[in-house]
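Same chain, two partners: chain A is paired with chain B first, then with chain C.
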Partner chain A sequence: MTPAALLLFATLAFPVGYTVYISFAEINLGTFTPDEWVGWDNYLTALEDDRFWDSLSVTGIYLVFALPLQMFLGFAIAFLINASWKGRGIVRAAFIIPMVVAPVIAGGIWRMLLDPLWGIANYVIGTVGLGPIDWLGDPYWAMTTVILIDTWRWTPFVTLIASAALLTLPRDVFEAAEIDGANWWTMLWRITLPLLVPMIAATFVVRWLGAVKMFDIALAATHGGPGRATTVVNLFIYEEAFRSLKFAESAAMSLIILVVTMVLTGIFLRGTKMLEERH
Partner chain B sequence: MSATTTRSGTHRRRAAILRQFRIWSGVVACVLFLLPIAWMLITSIKQQRDIFTTPPKIIFAPTLDTYVAYLTNNDLPERMLNTLIVAGGAGVISIVAGAMAGYALARVKLRGATTIGVLILLSRGVPPIALAVPMFLVARAMGLLDKHITLILAYCTFLIPYVMWLMRGFFKALPEELEEAAKIDGCTRFGAFFRIIVPISLPGLLSTLIFSIILAWEELLFALVLTNRAASTVPVVISGIAGDTVNGANWGALTAVGTMTVIPVVIFALLVQKWLIQGLADGATKG
Partner chain C sequence: MTDSIRKPRSVGRRAVLASLAAMPAAVINRAEAQQGGGFGTAEKPIQLRMIANSAFSVPWQNVMVPEFNKKFPHIKVQIDGLPYNEQLAKIMLDITGDKPTYDLYAIDDPWVPQVAETKQLLELKKDAKTWTAADYDWDDFNPAPLAASEWKGGQYGVPLRCNMLLRFYNKTHYQKAGLPEPDINQTWREFIAQAPKLVQDVKGTGGVNAWAIATYFTRDSLTPTIWQAILNAHGAELIDAQGKPGFNNPTGVKALQTHIDLLQWAPPGAKAHGFTESLQAFRQGQVANMFQWGSVYKGTAVDPGATTLKPNEVGIMVMPVGSNSPGIMRSGTHRGIWNGCVSRKSPNQQAAWAMLQWLSSKEGEYFHSSVVGAFPARKSTLSRPPAEAWQAPVFKTLQHSYEIAAAGRMWRPRSAKSDQAQTILADETARAFNGDVKVAEALASAASKIERLRL
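And then the complex of A and B:
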């Protein structure tokens, strides 16, 4: 316990504390140390910055579309690949592969696939008379693209968890329902989903904790563009801190994000618990 | 009687159709998910003139030129070694510290153990950017920028909570009689942990270690912020290639470096796939 507590203190609690400290200060760019106490100024600057709000709404849109999509696809695919046949092991193992492709590679590869001139995606949809789509250059498509790439990278993660969860469902309940003449649609809605609710909720929380940190896919695929159409909040703060060297404002912004994330996570955890108790 | 037989007959036929549907659409989904990776592999062995063509070429004379170029005249091997040192170091430290802490949380009757559990989970929600800024400033002040150890410590921030969480669930599932028996034989708690618990948890520990190494292997933000040359890692190289707007898209380099980065991870992940999936599922649920 002690070594972990010490390490976590040094690497987690101390930096967070230091962030709080510099968020109330002004950073001297000659020495890179905080030198003047400015109170809530940095927070006010952050809250008055439209670009900060824009990046928050980009993040919000990404989360609202990507998370449900990934949860749905993940569980649906898990249901499909859990059909017992001799290739099942191979199919399931294959789903591990996209999951361990580094997000930055995923972003880069998809950027290549979706290239407006030479990308294979536009060629393929062109053969059936569609497109060409400006996947990365049009603000709306770029957002869709980021969601698509993220979904490609993370759906297998949900699928694998879901596929393990589906195997733990009690068989006899389904057999009993089948004898009673229930069709699979009724079984899905009346038995499978209610039994899976705690698992779905827990997976959602884990995925949420990962998704709020999303940074590398947007950086590699669109670099936040076009304009700032796909600049998620983490990317925005990163640019503010390490390109514009506005460390104090970035500290204030990242603390705002930290608090919002914690509050929402708390709400989700509470919600998960309530769902678990109801079933 | 005959009516029942017919009904169960249709039922069975429907079930068989559903099963076929599941199998085939599962295979299709799987192929769709693997296509981008297949295209990466194909592009990585193309010559430059075969990459930029319309329609995209499926048949071409394969070459390993890009691989050879990147492995010989470039600093890529050095970056790979860095990545290996950092990911390995962070993985080992996290598994030792995290497993011990996870064990303590699972067994030692502590007041507030639930609170600690919730705190660990919450710590996974701390945005890395909130840590990257102070780490950069402090590392800069202490002259620790661009050093392996700095990146290793930075990775511990997200790996230790992750390992603690997984291993706590794992240790909780072990019967307590194991340690009790050891104590009767005169083992201390430490002795019991190292002689009894660690050996039987080895598969779980190993897969958690591998998964931690994978997470560190592909990390980008801290690597971008805390290193620039000497300790820089492969994801930084890739983000450089992908974001290179001056020289345009170097797809050969992107796919070759990407492939070299992905292959070792895929092999490791497939080796421990059974544990990996179980670990993922436990990581999501066991509190």
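And then the complex of A and C:
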């Protein structure tokens, strides 16, 4: 037990504890160490910073659109590829590709594809009479772009989990329903979805925890712009820490986000449990 | 101070060199090399490690280090490349540690004050004075690039890789628009008056396929350097001598508004364009002008693998002249110098300084510019016949830009909080580019935040 506890402390508790420590201190950039206890000052500075609040609202917009979209698409695609058809294995394998592409590369590639000057995206939508769209320069489209790239990246993850969950569903229930004359829609609505509720909820929580941390796609694709339109809170904290070297204020902001995330995760988990009990 | 090989041998070498002063340089070099240049031995070489930017660490390691080793064969140098965004934090963490990993740091222009404030950089004109070669000519450096590594009267580095913000123009586009080629006296007002004509059809396809300007417009810490150059051309300073913002005034508004107005004649999607996109647009012949860092010239005008343009199509000069301040007719530019600095905690300070001396010497700098294509800082290197034909107009412009930069103090804030200030400028002015706030509001907000930094 002792080695395991020490390992856990070194890799988890110490970094978190140190972050808490420096969030109440002033960092001396000459020595790069915390040298003065400043109480809640860093927290107050963070909460008084309009850019921090802006980035929180940007993160909220991104989460509200990206998470449901990814959940819906992930499970929908899982239903489609769950049926037996030729080439299903290849499609499943291909689905993993976006997940393994480094986010910075993904952001860069999408940036090229969507550039109005030489990207292919506007050419393609132009063939059906749409566009041109300023994907990265218009604030609304820039947020759409970030959501699209993130969805392209993470929907396969949801799909893989959903596919595995579908395989675990008891066949006899569906066979009995079929004998009773249930159609496809009834089986989906009355059997499949209720049985999948725990898995959907668990997947949502896992994706939520991943999505809250997102900043690399925004960094690579839009640099957080135009204006602050795609400056999600983690990108803001990253820039404050590593561009401005404001590590103490950044630590305070990180801990505020940690607390908010834990509270919301707790609510989601409680909601999950209630759904499980209901079904 | 603790250099392992700084012993009587060093004095002996100097005596030998002095007595051999009349001999041809090649013979001296061979003699030095045989002695290891006074540093290390074949059995016990000195090992140096350096942090550099990944954009140029590889050519330094593969080209510059082997050339350096011809003179100093027993100094082994390992150069680690880092992405720009991680470099300052890594340097700060390393240099403030008890036992830094690195002996040498390549430090970007605006970072020097912050790193120097740690008191962990060698002051080269004082601490390293006795180790400096007699023929190392400090006065030969142009003042602007040398000043990039000065802080509070100390010289903490030497310029290793220079860059200046310059204007590139496509001569064919000007010809097709029926406009004369721009000259260095063109004002911003004249530039903007011509811009609509440069949005044109250069391919004969019947639609617009070329635009007037490509440059930084995206949310990036380098984007403000464009309107800063305009501000400086109008005779104003970004930060005044008291460390107060000098841009929160009508001249600042005019400068930022000019930068934002350029979007009208920029390619579609330009609001999201930065270094890469503007460069690509110019190299593909889609824009008539580009405000960009000069070091991209070779890849833009000469290298057929990187550009569609030919050297005779590409013009280069400093940015337009300010037209706002009576009596001040000044072109614009902006400085960006990578400086070589020595860690005070390095156990091999003298060898590290020997390495920097060679890289920034007349010989090393000429080799660097000839073989790697880097921009030199020395007046002598810029005035001697260049190794390649393309360098002649570029070096002339570079010399001009150094003089302008020095006269107008055209650089980012000189402060230990320079990066913080630049991040604020980028963030606040990006909102003006996006139309979220008025130009004056963005500048006022940036000024207020920068004042709180107490530069």
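Note that the second predicted complex is superposed on the first by the 273 of 279 C-alpha atoms of A that agree within 3 Å, B and C clash if a C-alpha of one lies under 4 Å from a C-alpha of the other, contacts with A are read in each partner's own complex, and residues count from 1 in each chain.
To be clear about the criterion, a residue touches a chain if its C-beta (ideal position, glycine included) is under 8 Å from a C-beta of that chain, and two chains touch if they have at least 3 such contacts.
Because the structure is predicted, anything quoted here is derived from the model rather than measured.
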Greater residue coverage of chain A in the superposed arrangement, chain B or chain C: B
Touching partner for A:Ala142 - first (chain B), second (chain C), both, neither: second
Touching partner for A:Glu239 - first (chain B), second (chain C), both, neither: second
Chain B versus chain C as contact partner of A:His223, first or second or both or neither: both
Touched partner set for A:Pro132, first chain B, second chain C, both or neither: second
Partner chain(s) touched by A:Ala10 [first = chain B, second = chain C, both, neither]: first
First (chain B), second (chain C), both or neither touched by A:Ala93: first
Contacts of A:Glu26 with chain B and chain C, given as first, second, both or neither: neither
Which superposed partner A:Leu113 touches (first chain B, second chain C, both, neither): first
Touched partner set for A:Met262, first chain B, second chain C, both or neither: first
Chain B and chain C footprints on chain A, overlapping residues: 32-33, 111, 115, 118, 223, 241-242
Of all residues in chain A, those that touch chain C in their complex: 29-33, 51, 111, 115-118, 132, 134-139, 142, 222-229, 231, 239-246
Complex contact set, residues of chain A against chain B: 1, 3-5, 7-8, 10-12, 14-16, 18-19, 22, 27, 32-33, 77, 79-83, 85, 87, 91-113, 115, 118, 120, 123, 152, 155-157, 160-161, 163-165, 178, 181, 184, 198-199, 202-203, 205-206, 209, 212-213, 215-216, 219-221, 223, 234, 237-238, 241-242, 247, 250-251, 254-255, 257-258, 261-262, 265-266, 269
Complex interface listing, chain C residues touching chain A: 85-86, 88-89, 92-93, 96-97, 114, 117-119, 218-221, 267-272, 274, 277, 280-281, 284, 286, 416-417, 419-420, 423, 427, 430-431, 433-436
Parts of chain B lying in touch with chain A, wherever the complex brings them together: 7, 11, 18-19, 22-23, 25-27, 29-30, 33-34, 36-37, 39-40, 43, 51-56, 93, 96-98, 100-101, 104-105, 108, 118, 121-138, 140-141, 153-154, 156-157, 160-161, 164, 214, 217-218, 220-221, 224-225, 235, 238-239, 241-243, 249, 251, 254-255, 258, 261-262, 265-266, 269-270, 273, 276-278, 280-281, 283-285
